[in-house]
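The structure that follows is given in the form of structure tokens.
Labels for the chains are A, B and C, by order of writing; each one numbers its residues from 1.
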Amino acid sequence: MADVKTGEPLLSVKDLTVSFKTKKGMAAAVRGVSFDLAAGESMAIVGESGSGKSVSSLALLGLLPRSAEITGSAVFRGEELIGMSDKKLQSLRGRKIAMIFQDPMTAFNPLFTIGDQIAEAMEVHGLASGKEALSKSADLLEMVGVPEPGRRIHQYPHEFSGGMRQRAMIAMAIANKPDLLIADEPTTALDVTIQAQVMEVLADIRGETGAAMILITHDLGLVAGSAERVQVMYGGRVFERGTIRSIFYDPRNPYTQGLLSSMPRVDNESDRLVPIVGTPPSLLAMPAGCAFGPRCQYRGEVCGERPAELAEVGIDHASRCHKGAEIPRWSEVSA
Amino acid sequence: MNAPLLEVDDLKTHFPIRAGLLRSVVGHVHAVDGVSLSVQPKETVGIVGESGCGKTTLGRSILRLIEPTSGAVRYRGEDVIGASRQRMQELRAEMQIVFQDPYASLNPRMPVDDIIAEPLRVHGTDKTAARAKARELLDAVGLLPEHGNRYPHEFSGGQRQRIGIARALSLNPNLMILDEPVSALDVSVQAQVINLLDDLQDEFDLTYLFIAHDLSVVRHISDRIVVMYLGRVAEVADSSDLYTSPAHPYSHALLSAVPVPDPDLERDRERIVLQGDIPSPSDPPSGCRFRTRCPLAVERCADEVPELRQVGPGHMVACHFPLEPGETLIDRVGALAV
Amino acid sequence: MTDVIENPIVAGASPSIEESQGLAEKSESVGRQAWERFRRHRLAIIGTVVLIVLAAAFWIGPFFVSYGYEEVNIIDRAQGPSWDHPFGTDDLGRDLLARALRGGQFSLRIAIFTAVLATSIGLVMGAISGYFAGVADGAINFVINVLLTLPALVLLALLGREFGARPNTMAVIIALISWLRAARLVRGQVLSLKEMEYVQAARAAGAGPFRIIRTHLVPNLVGILLVEVTLLAGTAIILESTLSFLSLGVQPPDTTLGTLIAEGKSTLDVRPSRVLIPGGLVTAIILSINFIGDAMRDAVDPKSGIE
């Protein structure tokens, strides 16, 4: 997996688990996630609500509330992130790892100008200050396609449209030339034509800076056009991972297949969708055995007894399923 | 063509913008600004557009949940806008609405069978009969009738949306306005609700006005599609025509912006990324509303409002320079550049 | 919770654990569930008991006390607690136990009556002003703003002098100037509630404004109203004491807990019990009402049942 660019992965996550203490007991949001991300690589984490897709990256950055219990390991450029001191994490966040959130409105302080806030992101890490930082932030806004950046750095967040705010957030995220961008549903709040703009900006930026990206999304369509590798998460576990081609053209896991066949597509007409029955499980009431078991059409006795292991099914392609051998290939299912 | 079930004629809904000490009107939001369309019985018409296009206001104006500023709405030829209070109440039994948010659309303090029975109670059915009907409807939308005494929070998003649909069905309406009914749901659940809507349409002979921003969903469910932009209709076409040969540059750009779950197609696709933001409906551009983002815009587009005109059977477009069938926006831009 | 599947044959196949549990707990009636939620608040149960005991003491107690609340006994004046006068006597030798019971009666009446009345006025005014907007809203807001600019105490004093003295009229007077906050709260809440889609759905079903207010708005306002009632009950007791202290409230020889505290203040150093006893009673009443209010807010909220 680390074979994409260089030998040593940029980020190596091993057996990450995250649970929250709640009144009703422990809620296991992430239950043993492992992956490697090479420098410059783009990986997508796909999942529905409650799949743990966002929690896992928030955990890496120490951005979860104190009630979260995190175990496992995440090594970023040789340094262990789990259990790292707040101070050290802070020096990493926004510097080497930057985050792009779904809602750019809440990511900016309404009382300061956009320019000041981007400049501050640089000043915090001592990379630029004063006039220089402000003029750099104008350059950054220009890079992400905000028109008239010299004027717009003096505007407040509410004077930016949703799409422009998202560009500004990207500008802030890349201000310190991070090695890793984590984009958590970056376009979910945006209209589709604006989404196309923002995704284009993200792709251009990555081309220029060479940053690696983790794209967290529920939208498989978005993944197809913007990632090299994909992890499909369900119930806190990775159910399938592989290259983009293996996930979309040869999905082996019943959940991935179900997701693909339940999506209406804009590019062809289908008479009837094939939904997955049931609802994603609640974190507090995970089914025993395989989390997807109760909704799976291939389930057998063993599926209710214990969770399946993630097993290799091809080159750089793994699936978590007890019934691996019995699952029909996608070419037969989709025909 | 048969007599349409619903006709909307030059409908306008403007909201005043008030400011200052005396709350004087300083402008208007042109949420819906001269929309005409007609819906045949048992047809599904999709209304698609981005934020600010007025699709939600249009749906609510048709039902007079928001009073339109001018224009006409006719249901089976009968004027809805001028209907008396009492007539309106009767008409409301024929036209129902399903909302987007499965959380905000159900009163958290009411058990589910009361929620579903409410329209019946409003129309004078007694409590026992209304409850019995509510349980029947729960069954019809794929929920267990014995769950009727539960409260909304005990259901998942998809189940709540089914409850909203059951409520809309309770008065045996002919027309259902579906306002983003699946956009708040997880992908795997979305498909269940879409299929349910398909089944109910056949079972109860329903006519749907399906409002959504998601073109994939709209294409799947609609017979005809109305594309809206900033309060106006940009294009009306049969579902397959719109996707194979969009005539309005906006429709074309919108379609090409929708991601497809197919990496090869995504890579090879000619994507038109529109420049700029959607203008504010409180200060829409003159002439053609789309001209500020249109790669084809010329002076005429700023001066003259394009009328909706026929370019093919059942295919209408509001553009001075519509694309020919088979022609893409990129072809056209290329041809102009030469 | 597992989504129920379209095909009923498949539906039976995959009930989750949660689903079956949910069904089991569901056989209870709505009222019973509310009681279950109320019961979990131990303090509220204690508060209820305390309030019942106090009310019983205030109304039934006087029959068992050998002195009348207005009975002057110069020889026994200004005594500390004793067997004969468990709470002691005041400067005129009146038995303080009898007076405390009489005062408690009036204070509790005024507190509850005022709180309920003021909240009701606030509910009606706020609901009308929030739901109908326009002229009604303008008029009600005008009244509220005018009343807010007038100094409440002066207003109370004037009204108190004019109509005062009786506990019921006192309660009405205090209510007439205390509904403002409730009205504003309700108005704000109604403004946001009426935009909720379930209210739109009711309108789409043809429901009229009064039905909507009754079935959709009021039940969703109960929570904040209950909190308001408990807060107002406290305020009423304090306002009443202030008035009585200024001798504009309940007139002697009648008394209230507030009056008793005021009277005891001058001898606080020598006889702290004269303040501590009525003060303790006021505190007990207000705390009990607050605890009960909190629990009731939970009890009427079906969502709080699952946490």
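Here is the rule we use: a residue touches a chain if its C-beta (ideal position, glycine included) is under 8 Å from a C-beta of that chain, and two chains touch if they have at least 3 such contacts.
Please read these numbers as outputs of a predicted model, since none were measured by experiment.
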Requested in this report: Sort the other chains by how far their Cα centres are from that of subunit C and give me the top one.
Outcome: A
Query raised in the report: Taking contacts as defined above, which has more of them, A-B or B-C?
Result: A-B
Query - Euclidean distance of C-alpha centroids - subunit A vs subunit C, Å - result: 51
Query raised in the report: Taking each chain's centre as its mean C-alpha position, how far apart are subunit A and subunit B in Å?
Result: 31
Report summary line: Taking each chain's mean CA coordinate, subunit B and subunit C are separated, in whole Å, by 47
Report summary line: So subunit C residues touching two or more other chains come to 1, 3, 5
Report task. Spell out, as numbers or ranges, the residues of subunit B touching 2 or more other chains. Result -> 156, 158-159, 189, 192, 195
**Report entry** Where subunit A touches two or more other chains, by residue
**Finding:** 277, 279, 295
Requested in this report: Going by the contact rule at the top, pick out the subunit B residues touching subunit A in the complex.
Outcome: 50-51, 156-159, 186-192, 194-195, 198, 213, 215-217, 219-221, 239-240, 243, 253-267, 271, 273-278
Report task. Sort out for me which residues of subunit A touch subunit B in the complex. Result -> 48-49, 147, 161, 163-164, 191-197, 200, 218-225, 244-245, 248-249, 258-260, 262-267, 269-270, 272-277, 279-280, 295
Query raised in the report: Where on subunit C is subunit B touching in the complex?
Result: 1, 3-6, 8, 11, 22-23, 26, 30, 196-198, 200-207, 211, 215-216, 219-220, 300-303, 306
Query - Of subunit B, residues touching subunit C in the complex - result: 60, 63, 65, 88-90, 92-93, 95-97, 99-101, 104-111, 115, 118-119, 122-123, 142-144, 146-147, 149-151, 153-156, 158-159, 164, 167-168, 171, 189, 192, 195-196, 199
